[in-house]
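Across the two complexes that follow, chain A remains constant while its partner is chain B and subsequently chain C.
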Partner chain A sequence: MRTRAYRHSLNGSTMPPGQPLLQVSDLSLRFGGVRALSDVSFTVTSGTIHAVIGPNGAGKSSLLNCVSGLYKPTEGEIVLRHVVGETGRRLGEHSPEERERLATDASPHEYASRTLTRLSPNRVARLGVARSFQNIELFEHLTVLENMMLGRHIHMRQNVFSAMLWLGPARRQEIEHREIVEEIIDLLQLQAYRKKPVGTLAYGIQKRVELGRALALQPALLLLDEPMAGMNAEEKEDMARYILDVHELAGVSMVLIEHDMNVVMDISNRVTVLDFGRVIADGTPAEVMADPQVIEAYLGTEAVR
Partner chain B sequence: MSTFVTLVIFGLSEGAILALAALGFVLIYKATGVINFAQGEFLLMGAYTFYTAWVIFQLPLIVALIIGIVIAVIVGGIVERFILRPMVGQSHISVIMVTIGLAGLLSALVQMFYGTQPRAMPALFPTNSVSVLGGAVPANRLWVLLIAAIVLTLLTLFFQKSKHGIAMRAVADDQQAAMTVGISVRRVFAMSWGLAAISALIAGILLADVTAVEMNIVSFGLLVFPVVILGGLDSVPGTIVGGLTIGLLTAFVSGYLDPGLAEVIPYIVLVLILLVRPYGVFGEKRIERV
Partner chain C sequence: MSAAIETGRHHRSYTSEMRLWHTRPQMIRMALVAVIAILVPFVFDNYWLSIANTALIAAVGAIGLNILVGYTGQISLGQGGFLAVGAFTSVILTDRLGMPAPISILCAVVLTSVIGVIIGLPALRLKGLYLAIATLASQMLIIFIVRRWNWLTEGQGFVDVNRLEVFGFRIERSSFEQQWYVILLIITILAAITATNLFRTGVGRSFMAVRDQDIAASAMGVNLTRTKLTAFAVSNAYVGLAGALLAHYTEIISWEKFTIDVSILYLAMIIVGGMGSIAGSIYGAIFMSFLPVMVRMVADALGGVLPMLQRQLPAFEHAIFGLVIIVFLIAEPRGLNRIWQRIKDFFGFWPFRY
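After this line comes the complex of A and B, so read on.
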């Protein structure tokens, strides 16, 4: 799915576009007596931008935290699907070339799936689910470049001693990872900030760095928690552009949480609407917009009459 | 002049050992946020395990060293897994009390098995006197300085350049973010304790070589606090500068003024630093807003 002359594919998924990639079934999450999520089910299709919207407190962030392993759901299951290659390797173990071949190969595949529900966040990340946070979680004391190189962590194979002495293999590997990171810096136009400590950068730039770090994992699925929160119209437009670039140029499938309805309608292929922890609508942006329940949740019953 | 050179070498060698001990302390504090009051006991334990393997069991030097490292890593791992991990989320004071308890436990264990009599260890390095710039210096001091410098450099490089070192810095910075890029926070915690135990082992062996295998190693270990307060609790270069400064200061005070005062001077520095620059010379300035 590479449309620009990038050397590396940033899409870590083996699922051909159109296939179900992430399946959430009957997910419930309770904190004591509070039901944050009740029987939430939906499917993210490979190659799409899937938006999750809903009023404040609808459970959107909780849902994302369940997928990325930070919360353990009380009931239900989350499954990430992948193609079983001839080599029999498991999810997350394919080389980039192999991944791309699998994803573009039209012949019927054997599919397998991995349950994410009981894995720790670092294991989920290793399986190719990357994310950003609503309230930016970056390594503030490290530079933009170091933050992004940390996104490469799961792909680094390193011997402690060669690393310590900065020997050949460690150095060669570093250069390879650096190339991928540079492509991301190029894609997100962060060239000017490479060596700046992230803590000193403007909010909008930090949001972009976080997107870049997630992308550096070469994710099978990218989870974005309100990437445009707290931005003005112009910044939002920029961010939407970058997200679309990541989707179109890098071919990464995404789950996107967003408040701004206009943005959601513009960039997403499919929308799931949550209200009070339940799914009240699921469909294309147009379908969802026309749904009386959605209008009620957003504007109140008065508006419907 | 000759006294000066001798004092400088004595100060630097002891300062380098201190820096090694303090580096372990800083690694743990940086990655896990735990203030480890048992660092001196880690030195003690390192010295005694090496002594046991090398002198009592008569094993070759390299084998004894490897056994020392393995045991240090195992003990570090056990402490992390069974003593500190259950304390995650508890208040700082509770965690500090636990490490103080651990300190008591470790030194009591050593006393139980080896008694309180100092043990003489055969010299690791030649002890003949060498003339450096007109000053007479025992050769083993120079060796200690060299070995400590090599180990400090390797550990600093590891921390700054390797994948695992960078993962440790990432965990120190933001645990949640570290998890979401696939870093296992638990493994990083275990690794910091293991590395801290190894640096304490090497510091313990070097110290035992220039002094003796005895309980006093613990009180030397206590000097870690002036060092890290001076250098900054979270700064790796700071521990090296802090260690050397405290080492030199003690040597000069002991040589020119009074050996008794030399015992106290590091703690006078500690109090002064806390009054003037509580985050240390190289430490990160943190402002806590309540």
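After this line comes the complex of A and C, so read on.
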């Protein structure tokens, strides 16, 4: 798979693997009288694929929307943790070199956390939380390349005047970020579609572009909302491969919502099960599968004898 | 999108790939356009040249409107009002305060831009039809102020504008249209190039992202507030420029030139030309500027058969105007620009169909 050396790390987190990266505590979300989430707590460990599963309407997407700032939770807190380097920079302010050094440095660090709960979506994205959507939400009239370049938005300086005059800095910036985007295109094998408007592409490809666009942020945490929804077995397998590639080559930590239990069992390190807005189980895939409450939620009580 | 010309083209650097024109046909076309543009003042008489000049000013305004409506998806019915702001600002600064024209035009651009940002504030909350109504309100408000504020026109109801003078260079009466043509051509080219540049960099991309999927854009870290207001500012800078040029070129301004009809005319230009296309804005501006002239010519030609047409010329013009918009909306919503693309593709693929 690794066809050439990738020069850029796609992982935007400074947390060493094994450390808690995202902590969700006592999260509740109400829409009027509807309780979408009640006291949801779980921790995503850095360097893992953390699956969130549950029947329809269990609150999985609501949970993801809370993390990415699209919904404001009624109660509870979501924090993203990071390493305080010697420069004292905060989350989202590190240079790529510094980030990589901190993430690979084994010596003990001082950790700090940043509350995401009351930030607007674009501020959350700036801190390095990238996401894909359940129903594809690409910029349909733009090309694959432009979509992915938009993933680089938070890393680019936006100057209207130098852009309009096509001055050196604006031009150089485009090229600089294009190089990272090209690595992602290579990783996800999207070369053939680079200049195609995404609206014209097949569903499976669009899903892949959405993954690529999120990856282009160099995320500290990647949230994937049903990346394999509506795919056939073959496409699912391809997508699972890409997700594993991203995880293994880039070391990006992920929260993954998925319905297909086989996929979840195969690729995730840890699973949180939601039902009616509550966490009913949390553990390794094997533990969760054996949990009587999970079996009840998925198969009904009659099946358990 | 025009797949035909992509074949066999290999870039060795991103710089070469990002150039605006790559292939020989593109170069030849641009050269041809340049030759035609240079020949126009020698071939056209003053009447036709005056229409060409109006079309060039309209092109600048249409580029501005397209940045907002076509590229950022924020519908605006306030174009006429914004043109008025640019026109009155520049004229008052030059004629009454004695500012050099380039500086007063720049001031007009900045002020129109600022007013655009203020008018754009509702866009942070409103979308689509609701935003259209909000900008319609701004149009009404600006025209109301222009009509009632006597100081603007010194109580005359209109402003007589002095002949344009740029640092000692004065437009001459004998070659008025020709000299204006050169000035306007250069400004239009610059406007088109700067707008094109905007949309091959991050700023322009974030505009288009807001148009296509604002929620996804915010999840990618695009600040919607900032982006929408920037779009209003940039768009209105062009509109203010067009307004100022219009004032200095026509040498007389009054509120009647900036009514809601003008806003709709500009919307028609970008619909006919092509939403979300800089070239389309120019095609649309040229098309809509020459349309009334063509209609008049048709009416004259049919004068013997249908004298009614000549007698009812304004009504006939309106009917054709409406018909053109409807035909484009139904037959080719992406406008003249798309039609041109298809023509190029046809010859690019020839003798194959695709």
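Going forward, the second predicted complex is superposed on the first by the 299 of 305 C-alpha atoms of A that agree within 3 Å, B and C clash if a C-alpha of one lies under 4 Å from a C-alpha of the other, contacts with A are read in each partner's own complex, and residues count from 1 in each chain.
One rule holds in what follows: contacts are C-beta pairs under 8 Å (C-beta built on N, C-alpha and C of every residue); 3 or more make two chains touch, one makes a residue touch a chain.
Bear in mind that the values here come from a model prediction, so they are computed numbers and not experimental data.
When both complexes are superposed on chain A, chain B and chain C occupy overlapping space and clash. By the touch criterion defined above, A:137 lies against chain B and chain C together after alignment on the C-alpha atoms of chain A. In the overlay built on the shared chain, the residue A:171 is in contact with chain C alone; chain B does not reach it. Residue contacts after overlaying the shared chain place A:260 against neither chain B nor chain C.
Greater residue coverage of chain A by touch, when chain B is weighed against chain C, goes to C. In the superposed model, A:195 lies in contact with chain C only, and not with chain B. With both structures placed on the common chain, the touch criterion links A:125 to chain B and to chain C.
After overlaying the two complexes on the shared chain, residue contacts for A:70 are found with chain B and with chain C alike.
On chain A, the surface touched by chain B in one complex and the surface touched by chain C in the other have residues 68-70, 120-122, 125-126, 130-131, 133, 137-142, 146, 149-151, 153-154, 156, 158, 160, 163-166, 170, 213, 217 in common. In the complex of the two chains, the chain A residues touching chain C come out as 68-70, 120-122, 125-126, 130-131, 133, 137-142, 146, 149-154, 156, 158-160, 163-166, 170-171, 173-175, 178-179, 195, 197, 213, 217.
Against chain B, the residues of chain A that register as touching in their complex are 68-70, 120-122, 125-126, 130-131, 133, 137-142, 146, 149-151, 153-154, 156, 158, 160, 163-166, 170, 213-214, 217. Partner chain A is touched in their complex by these residues of chain B: 154, 157-158, 161-164, 166-167, 169-170, 173-174, 176-185, 284.
Residues 1, 6, 14-15, 18, 194-195, 197-198, 200-206, 208-209, 211-213, 215-224, 230, 233-234, 276 of chain C are the ones that touch chain A when the two sit in their complex.
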